[in-house]
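The following pair of complexes shares a single chain, subunit A, combined with subunit B in the former and subunit C in the latter.
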Partner chain A sequence: MPATHHVFRAQLTSARRREGFIFFLFGAATYFVLLCGAVVIGTIVVRGAGTVFQARAPFINTTFFTEAPESLHVFQYQGRKMELGDAAFRTFEAAHPDVAKGKSDSYVYSAGGIFPCIVGTVLLVVGSMAIALTLGVCAAIYLNEYARDGTFIRFVRLAILNLAGVPSIVFGLFGFGMFVIFFGWNVSLLAGWFTLAFMVLPVIITASEESLKAVPKGFREGSLALGATKWQTIIKNVLPYALPGILTSSILGIARVAGETAPIMFTAAYVVRDKLPWQVDKFSDFFFQGVMALPYHIYVVSSKIPQNEYTERVQYGTAFVFLLIVALIATASIVLRNRLRNRYKW
Partner chain B sequence: MEASSPASHLLVNKSRIRLFGLSFDDCIRVFFGGNAIVSIIVLALITYFLFREGAGFFGQNRQNLTVYRQAGLEYIDFIRAQQDDHTALTRYLSDLRLRQFRHYTQEAKLPVADANAKLAVFDDFAGQFGDTVEPIRTLVSDLTEQASAIKEKFTVMEDKKEERRQLMAEGRKGDADRVIITPVNFAEELKPIIGTLPAYKEASAEFSRRIEQVLATAPVLPTPELQVRMDRFKQLTREYLSGFPAVVSHLESWDYAKPVPAVQALTSFIFGREWLTASFWQDWYGVIPLLVGSLMVSAVALLLAVPLGVGAAIYVNQIATPAEQKFIKPGIEFISAIPSVVLGFFGIAVLGQALRALSQASWLSWVPGFPYSERLNILTAGCLLALMAVPTIFTLAEDALNNVPRAFKEASFALGATRLQTVIKIIVPASLSGIISAVLLGLGRVIGETMVVLLCAGNRIAIPDFSAGLAVVTQPVHTMTGIIAQEMGEVVQGSIHYRALFVVGILLFFLSLGINYVAQIVVRRYRISIG
Partner chain C sequence: MVITAPILMDTLPSAPTIRPATAPAPAATAPAGQAAPAAETLIDIDHVDFFYGQSQALHDVSLQIEDKKVTAFIGPSGCGKSTLLRCLNRMNDLIDGTRVAKGSIKIRGVDIHQADVDVIELRKRVGMVFQKSNPFPKSIYENITFGLRLQGVTNKARLDEVVEKSLRGAALWDEVKDRLNASGLGLSGGQQQRLCIARAIAVEPEVILMDEPCSALDPVATAKVEELIQELRTRFTIVIVTHNMQQAARCSDKTAFFYMGKLIEYADTRNIFTNPANAQTEAYVSGRFG
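And now, the complex of A and B:
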């Protein structure tokens, strides 16, 4: 052994070299996954940014956010290439009758914006989360505060666990069979709300229960010792401390509700609808109308229309906006959760 | 003492409001309990409504199969199968021609014209072989028309019956009586079809004689390797010819009145190898192509996701520095937040083309199945689903690794094991049940995923050709989730097709429940007790 080698110094044996190599592979796997995610997000952000942002003030493509989808007409006029949305094309055609003679290509949904889709998605998320939170928080309170272990509770927990594993398309079928057909609600907001709410219920229950568990036992015991009833204890001394946790964890549920397409395909989503949701005759009609939704719109524009330089804009643009919304929700959830962990320390 | 008792009672029991004999607190308890039951109720409702819409399928499918038999379609399909097998043989010949052509142009370096000239004898042979089927083909096309007419009559009768039933239901008996229903006498209608049996026997004999003649003139191929294929072809043809008597006996023993057993309505769904709808001839609802498609896509996804997910979990849990952990974990969680429809769009817009371009690179031509031409296939969908499954597997596997007590690790180190040995021999085995259940839950997520497969799996309803070996992953498939999403919007409510989609949903539902159940069993039963 050469003198420079200290007895306790790590030696580069073959075992150690193998260890280094295998650990490198594990690391490579990790970073490869992150890289894949980055590539997906990066591609959509870079190519979608072209649609969403513009070089002139106000730097954001406001038409894209405030108008409904239209067909795009591409044609040659007096040697120039023109691209006009449907409405603009009609007025242009009226002003220049000779346009009709020339060849014109049209691409559906490729002009205008995605305003109705954004509105529809917001409505779907708000309604279904309201239902899911009510049901989910109450269920969690029962499971954590009232229930004692027994056959019944085992069944409930088993049901929650299994419900979490049901494919989203099965929820769609169920919602279609129950709300759309059996209840006769047709394709409507209400049907979509309940379908999505039931889908996200397990997530909410689990998250709420965890937050309730995090409230120390002493809070309850102190309250009970002072003579408060169980209900008073829960409402005054448990829920207020658990609520921030419940809400932040539930944000992840929002991301799921906003992102799912399969459950709303036959229960709530329309391919295209001219009226905005608040343009209804009667108030009750509001609940029984279908809406356009962002995820479904992405499905439609990516599968039903051909891919070329004109349609690409709306495809990437919609995907970018959608991704942005979902990413904001997810980030908010992660950040808030971390902050909450630091704030409440019992 | 007696006087103070009501007062103390008042002090202790503050809530005396009673509803249905329950105190206020009890009511609240019941209310919360009711909410807890919701998940059980929802599961029950899902089951109920899937069956409510789907159960009618089996009756309708039996009816469908009965009509198939009674209208004589089944009879004709025996002959048609014979014709189709012949087509398969001619396809074998054209494949053989392609191989010869390649041999002449690439190995013998002949110009295209010369190669074609050399193939003239073979082409003549192949052409003659193709023509041999002519007598059978004429017969089949005649019979097809006749049987279609019978089926059409039957459909009209059913429609009229339905019309009368509806009129009766509306109470318009007079109108109902005026609906004329012409009953279909299958025995009579089928006579001309069955009457063609002697003609068929003649045609079949002629057919087989012609094949024998043509086969005798088979040319000798240039290389031994190709000659082997030619011999194989001859053997296949002889086997094909030896199957003729069986067809005849099928036809002779065929009876339109033989009832279709009830169980066949189920077996033709579960083991059916064809999913064919809106066909002019006969609709088939066999789930096998869809099931195989779902399983193939999931298999590819898991094959990619398990090493990546578990590897990443081990890395983050055992090897990474705290600073690395801090950004890797949220990063992977972030991937799980990417909506599936966005991933599907990415597959259509970018990944499909990128993978195809990669497959056409010359330095990768050794990979089985490369280069391929279908942009959307099992591989594309599998890659994207893998990205969806990795976060699930990662998070759960990391939890499982985290639950291994420190003492295990320390004891291993104390005995002089290296870090690698500790990870491979101690930590991973101790958390294996958790890791396996993580993989199973990942599988559950992948098999139930809809949008990615709908957009990227290629949507061709056919069992992929497994004879291609590993290259099978470059073929397009359709999946159970995809077919529901694609066809549900277009079907007539209450039709057999509509109900068939619900039955696919039932299968999917119980498949996912099963996977979930196994995952729970694995966790419970194989957990190494820590204590």
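And now, the complex of A and C:
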């Protein structure tokens, strides 16, 4: 078969070769990132699954989700190796007094579950997002709808952007100095809420402003031309249409608030606390109590206590649950966002 | 806000609040020309200079807009016709750095740029229809009732009545009566614009300002809106800005020609198009420039 020769015949020129190579690099970079993510999540899921799931029904390790952390006691009894949590160990000891004579090792936090941490993290996320959204949306409305553009407002915007770049440990120290010491709130939910809220505020303000900007000018003019005040226009004919966008930004905020350790380690997190948040004497105490939190618990069990095979289980198990919870909260926000979006389509 | 508006409220007679929907139309068939007897001046624009920041958009514009007439503003882009229109309900207030530097605009004798005029009350009396139709992303029913709800009307029967009356008034009732709860955005372009007109007349304004209401519509939809203007002219004072000279000729009683921020000529529409006094006007209406 004779080679066809025509002007459009494909040729492998050096420009084409270079193009192919460059595209390969770009593709490789993308898949490398994907691979990294998969390795991180995969490791946590695979190694955490042993703690979170179990071989017998109900297949989920309910203790891990419903109990507080306990010390694990490992000892030999009648030639068998026993692993018991603190409470169970005491009962066993009372029933078999000879155990006390034998050698027993105990490992802190390695038994029981992480229920107080889950509760603490959810409380921290909900409270701080409520504060951040309220403040952030108010600020965005002011900046976008009321403030006249000028040097001062430009300076305010610049300050907000810079705030987004401040490391979270600095927010933690700020919260410690401001809320914990100066306001005298001690290590408490309230101090944690405000510290975390301030940390995500810049993201929320900037994104809310963009969402407000995206609402067509015609909606505002149409409403004003019917004799609405500016406030009526904003509340009835601008804000509802900006809400889906605002919620999108808050989903990112949720992941950050739930995940940051530095801001809460000085302001809200306890290493261990026996009482659950609702076990308070009077209602106002609720806001002034410290809580356990998932990221801080991971930090404690992986760096503050002696490491061994037993603590490792808790580390991976906690990380796995942590990922699940963040995914859960984010999914809930996405569902809410999509509902709003369908309701206010334009 | 109502407390701050006594001046305008007191001065404007209460007559325009409720009019019969099917008022007799004395001059509906032949708009361009019939000189109605004893036309009353409703809006008196007196030597107005208007600035956007440093640049002057209107130069010493004076004209009187007559009650229950259709007045058209024509002229090439950037001639100031829309600017003047937006002065009449102070929509220019929304733009930073705008100001009426000289002169006054009086509606029934009240200078609407005075500090004691409540702009909210003004805009209830002077409604507006925009170039780009802007139905709110709500149901047709909610679009129409938006203005009334703002005024605190919650009576369902009253709202229903106004919705029907306004939609009939905007010649849209038959097309949408079965889907009042559907989104206003689901309507066609021409229907959307008529919905905006219905929304404007629902609050019973005295004046309706129309800023190139047909520029985004096809010829059939344009014809419908023009027909509608003919019906509305018996009940409202209409000021319409248009690029389309045939439209001005077809549906207005008086026409003002603007050029470079100046009012060049203002006269009966028939005269503007058949026998303009000014050479520039003639050049423009005959299509030689602009």
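Convention: the second predicted complex is superposed on the first by the 315 of 346 C-alpha atoms of A that agree within 3 Å, B and C clash if a C-alpha of one lies under 4 Å from a C-alpha of the other, contacts with A are read in each partner's own complex, and residues count from 1 in each chain.
Basically, a residue touches a chain if its C-beta (ideal position, glycine included) is under 8 Å from a C-beta of that chain, and two chains touch if they have at least 3 such contacts.
Not measured: the values here are computed from a predicted model.
*Asks:* May I ask you to decide whether A:Phe322 touches subunit B, subunit C, both, or neither, giving the answer as first, second, both or neither?
*Replies:* It touches subunit B, and subunit C stays clear.
*Asks:* Quick check on the superposed pair: does A:Ile334 touch subunit B, subunit C, both, or neither? Answer first, second, both or neither.
*Replies:* First partner only, subunit B.
*Asks:* Using the superposition described at the top, determine whether subunit B or subunit C touches more residues of subunit A.
*Replies:* Of subunit B and subunit C, the partner in contact with more residues of subunit A is B.
*Asks:* Have a look at where A:Ala214 lands relative to subunit B and subunit C in the superposition and call it first, second, both or neither.
*Replies:* neither
*Asks:* A:Val170 in the overlay: touching subunit B, subunit C, both, or neither? Say first, second, both or neither.
*Replies:* After superposing on A, A:Val170 lies in contact with subunit B but is clear of subunit C.
*Asks:* Considering only the touch criterion stated at the top, classify A:Thr229 as touching first (subunit B), second (subunit C), both, or neither.
*Replies:* In the superposition, A:Thr229 contacts both subunit B and subunit C.
*Asks:* By the touch definition above, which subunit A residues appear in both interfaces, subunit B in one complex and subunit C in the other?
*Replies:* 229
*Asks:* Sort out for me which residues of subunit A touch subunit B in the complex.
*Replies:* Spelled out, the residues of subunit A in touch with subunit B are 15-16, 18-19, 22-23, 25-27, 29-30, 32-34, 36-37, 40-41, 43-44, 134-135, 138-139, 141-143, 145-147, 155-156, 159-163, 165-174, 176-178, 181-182, 198, 201-202, 205, 229-231, 252, 255, 258-262, 265-266, 295-296, 298-299, 302-303, 307, 312, 315-316, 319, 322-323, 326-327, 329-331, 334.
*Asks:* Once bound in the complex, which stretches of subunit B touch subunit A?
*Replies:* 14-15, 24-25, 28-29, 31-33, 35-40, 42-43, 45-46, 49-50, 52-53, 307-309, 311-312, 314-316, 319-320, 328, 330-335, 337-346, 348-350, 387, 390, 394, 418-420, 441, 444, 447-451, 454-455, 481, 484-485, 488-489, 493, 501-502, 505, 508-509, 512-513, 515-517, 520
*Asks:* Which bits of subunit C are touching subunit A when the two form their complex?
*Replies:* 1, 89, 91, 94, 96, 120-121, 123-124, 127-128, 130, 132, 134-137, 146-147, 150-151, 183, 185, 196, 199-200, 203
*Asks:* Quick check on the complex: what are the subunit A residues that touch subunit C?
*Replies:* Per the touch definition, subunit A meets subunit C at residues 148-149, 216, 218-229, 232, 236-237, 241, 344-346.
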